[in-house]
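Just so it is clear, A, B, C and D label the chains in written order, and each chain counts residues from 1 on its own.
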Amino acid sequence: MNGIDLSVEIAGLKFKNPILLASGTVGYGYEISQFLDLNKIGGIVTKSISLKPRKGNPPQRIVETASGMLNAIGLANVGVEEFLKDKIPFLKQYDTNIICNIAASTIEEYVECVKILTTEDAIHAFEINVSCPNVKEGGLIFGNDPDQVSTITAAVKAVTSKPVFIKLSPNTARIADFAIRAKENGADAVSAINTLVGTAFNIWTRKPKIHNVTGGLSGPAIKPVALAKVLEISRNCDIPIIGIGGISNSDDVLEFMIAGATAIQLGTINFVQPDAATKIVNGLINYCETMKINKLRSLTASYELN
Amino acid sequence: MNGIDLSVEIAGLKFKNPILLASGTVGYGYEISQFLDLNKIGGIVTKSISLKPRKGNPPQRIVETASGMLNAIGLANVGVEEFLKDKIPFLKQYDTNIICNIAASTIEEYVECVKILTTEDAIHAFEINVSCPNVKEGGLIFGNDPDQVSTITAAVKAVTSKPVFIKLSPNTARIADFAIRAKENGADAVSAINTLVGTAFNIWTRKPKIHNVTGGLSGPAIKPVALAKVLEISRNCDIPIIGIGGISNSDDVLEFMIAGATAIQLGTINFVQPDAATKIVNGLINYCETMKINKLRSLTASYELN
Amino acid sequence: MIITEITVSSVEQLKNHIYHLKCYSPALANSFKAGQFLNLKVNDTTFPLLRRPFSISDVNGDEIYLLFNVHGEGTRMLTHKVKGDLLDVLAPLGCGFNTDGDFDTAVLIGGGLGVAPFPLLTKQLQGKGIYTFLGGRSEADIVTYGLKNVFVSTDDGSLGEKGTVVKLFLENLDKFEGKKIKVFACGPTPMLKALQAALLQNNIDGEISTECAMACGFGICQGCPIEDKNNSSKYLLVCKDGPVFNIKDVIL
Amino acid sequence: MIITEITVSSVEQLKNHIYHLKCYSPALANSFKAGQFLNLKVNDTTFPLLRRPFSISDVNGDEIYLLFNVHGEGTRMLTHKVKGDLLDVLAPLGCGFNTDGDFDTAVLIGGGLGVAPFPLLTKQLQGKGIYTFLGGRSEADIVTYGLKNVFVSTDDGSLGEKGTVVKLFLENLDKFEGKKIKVFACGPTPMLKALQAALLQNNIDGEISTECAMACGFGICQGCPIEDKNNSSKYLLVCKDGPVFNIKDVIL
């Protein structure tokens, strides 16, 4: 390691490096642990958990697109109870941060989940997935309404002393406004971005290729969009940013950090290269050596605009 | 042609097929005419014209991304006067529809451009690019504000009897709301979508790869997003849609038509395969033959949702 | 379950759209149960982005054989591979066929390239009687490499009986009078569905290898759900719980 | 300007990162002026999406030669091409070097793979005296294929003089006493900039071949602007108005 310090910190929580694994792309860590040493990464964000188990959408749930993929898993998950009983024990063997991602259909459900989960010491932080339909408001997405994001943030912060990250939707005109609201209401960081809304049709049947009609676009295709969103937040709001979207290699990680990210998450790449995180950590060390950087975190928001 | 009818119609304007060439991706038609017979396509949308010539942004203006590209040309164009004098005479030799795309920094400039250009018989319709910064409102993008889109649409319709298409920005939460406003104010169609905001950084210099900092993402990478926007408009607003975004082959065209488009535009693919339109027209005929479809236009919005 | 590179030995065209890919991989060759698969990256760019799943068709010494159909871009790229090319794979994945149990005669039923896993399965069924029923649209879909005791049907009658392979199997049921049979099947979903119904009705034990679009192939994306017959509140995952399932366990 | 397919004859590695690509194309071989380029699709998927521009390095009978550096993904893919592969190209593109005019001695100055267009240029300059100055970081960057009367400099002194090629040229200016010279240069922008200043100062006529990121290569994307020295209200386009410009016409 030659004294190069890859660690980063968010709200007092120390990450040994800025590489986290994104929610929904590594389940609860078990399967990927066979390809990747979880002790070597900054943290793992678990699949969105809801209060009760969710079955998720019928197939077809995924479609490949040009340098990307669409998914509509429908938040299939084991629910809070089974998560605590069956999933946490496995994860807590590892020396890495466990960030528990929460999805809910009402504000009360977010609060209830956090209240229960915050008693589990193994959980280091929460990530709140606001890209969920609000059943009370007729299915409108929480994350598209700044007021709802404010309310959820404040409500969740009120019931936990652990760091709370708000995971923002990119499907809005100005993402920075949402980051500002999150910050005002006590969020410790924002995670950006979740997937872009997309679709694909089968031209022979005229039906959507995905059962849910639309899905979320992820992968390298969306990287330029994600990077612009991170930059937008960084230029308009003073809150730590966890960059997500199409990150596949160490150069991508560096771009996100330069554009404003303190840490990043790997999503779709885990499906293709489950050991990507290991290669990326090595790539970051090489870059620091070449550039004679001692502390990787000095890169965050180091952009020089023209 | 075996009696297969590829023609489509928008606001009484007949297109021999649904294939148009997108604004900014074929200049004023001259160069691409060496690779493609312009008589064989439904129409050509000329590079965004402003009242006065614009020099555009300094280099670097383009960057390749995964299955896409970013551009920040800065609306470089010859201005209304030179357009009429030097560009229209070339284009009007062809038996195809000429759609003049207009970009402006004030509402008055949109109106002024259309007033002048509407006297030119060779122009069949206007496409209004609302993804331009409004200098009077401190550089906010017209296209992100439904009220501005309403005002521009009404103002332009008031000074021309030719069909007016409003070209919508995808960088909004609900594109259908903009389509509704365009329709309410007399638009004859909406074109969707313009590019997504994106960026890229050079990790060695920490500078944006594009001089303008951000650019517009286009190409196959954005196709799923564009298709979802077309579907959203189609499900929420009864107005003809001209689909744009990552279309590269006849299957893509068919997907857009099924999702709601009456016609489509080819953009980035023109750079890579300047004769794409020819191959696509053949592909559409083959599809109609296989599917025993007589009128291609019957496909529009023929989706069957689950 | 490892991530590794395997080396192409040869790519051979068997029929119009059907290729035989042989790869060298001492690390993997002995680790497969018939019915398991690998997930293969056809090139090292982001297009295509995702890996492509293929059944292990056969194993010969240190070599792994795949049998594949040219379907889209990814499989087209595979046809261009040459000796010495490296392919990045995740393997072995999924649960294979259960060849143990109380039966003396195995009936293999394949639709189209559903035969892919049968050569290895045939080897792993040693000691059992084997009957193999193959169906395809036409002669061009029928590959008999590595199979025993083959009966063929085609939709157009260009080879064997005219009709579906399920029909062919049912017409031959009398062959199995007095034998304890177990069916092993692989093929398109409509075929598996018809077969599942027929087997349940006739009270015959069977396993089917299912297919589904996959992003990861090893259980982390939740992209490959299949209805669990025994528990309607949860899906099973084709990649991890399958691709081979007992006909009693899933709803197709 | 046509869109066509050319057939790979061979890909030969000349130096560590430098390759010689020879392609068969009777349709194009005789249509190039030195300094013109073609825009080549390295594969037929959307990754990489855009074509890659390359100068025509030489023409030999029905064959076109390119000289290329492995830079990123696209050029890496080019190194894997084999005899018989088809490459989709747009060509000929841009304005080449103007070899007519009132000079008796041509001075070719190339930085790194800026030498690419010089073999063909050397042929098209027949009847003129030719001096060629080449610069590179080290010996590994110097390719002298098809050149005449070559003088070399390297940054590290591993071949020829130590220092920049512009310095080398200026040190040799006395060689051209009494001759009417015209400079033809190609190389990285900083080199061209230094050279442009030196030539203007010494009142020597010159043409430079410039580079720029390109989306189309033939004037429809406006992606490749370069400042027009004579008209500050408009940019010129590298792909269409260039890539070769007179040093008096552009601001680098």
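What we mean here is this: contacts are C-beta pairs under 8 Å (C-beta built on N, C-alpha and C of every residue); 3 or more make two chains touch, one makes a residue touch a chain.
Note that the structure is predicted; figures quoted are calculated from it, not measured.
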item	value
Labels of chains that are neighbours to chain A and to chain C	B, D
Between B-D and A-D, the pair joined by more C-beta contacts	B-D
Reference chain A; chain at largest CA-centroid distance	D
Separation of chain B from chain C, taking each centre as the mean of its C-alpha atoms, in whole Å	46
Mean-CA-position distance for chain B and chain A (Å)	34
Geometric centre distance via CA averages, chain D-chain B, whole Å	36
Touching two or more other chains - residues of chain A	66-68, 219-221
Residues of chain D whose C-beta touches two or more other chains	46-48
Chain-level touch network, classified as line, ring, star, complete or other	complete
Touching residues on chain B, where the partner in the complex is chain C	66-67
Residues of chain D that touch chain C when the two form their complex	45-48, 73
Interfacial residue positions of chain B with respect to chain D in the complex	24-27, 30-32, 34-35, 47, 53, 55-69, 71, 73, 76, 219-221, 248, 268, 270-275
Parts of chain D lying in touch with chain A, wherever the complex brings them together	46-47
Chain A-touching residues of chain B, taken from the complex the two chains share	65-68, 70, 144, 171-174, 196-201, 203-208, 211-215, 217, 219-225, 227-228, 231, 246, 251, 254-255, 258-259, 287, 291, 299, 302-306
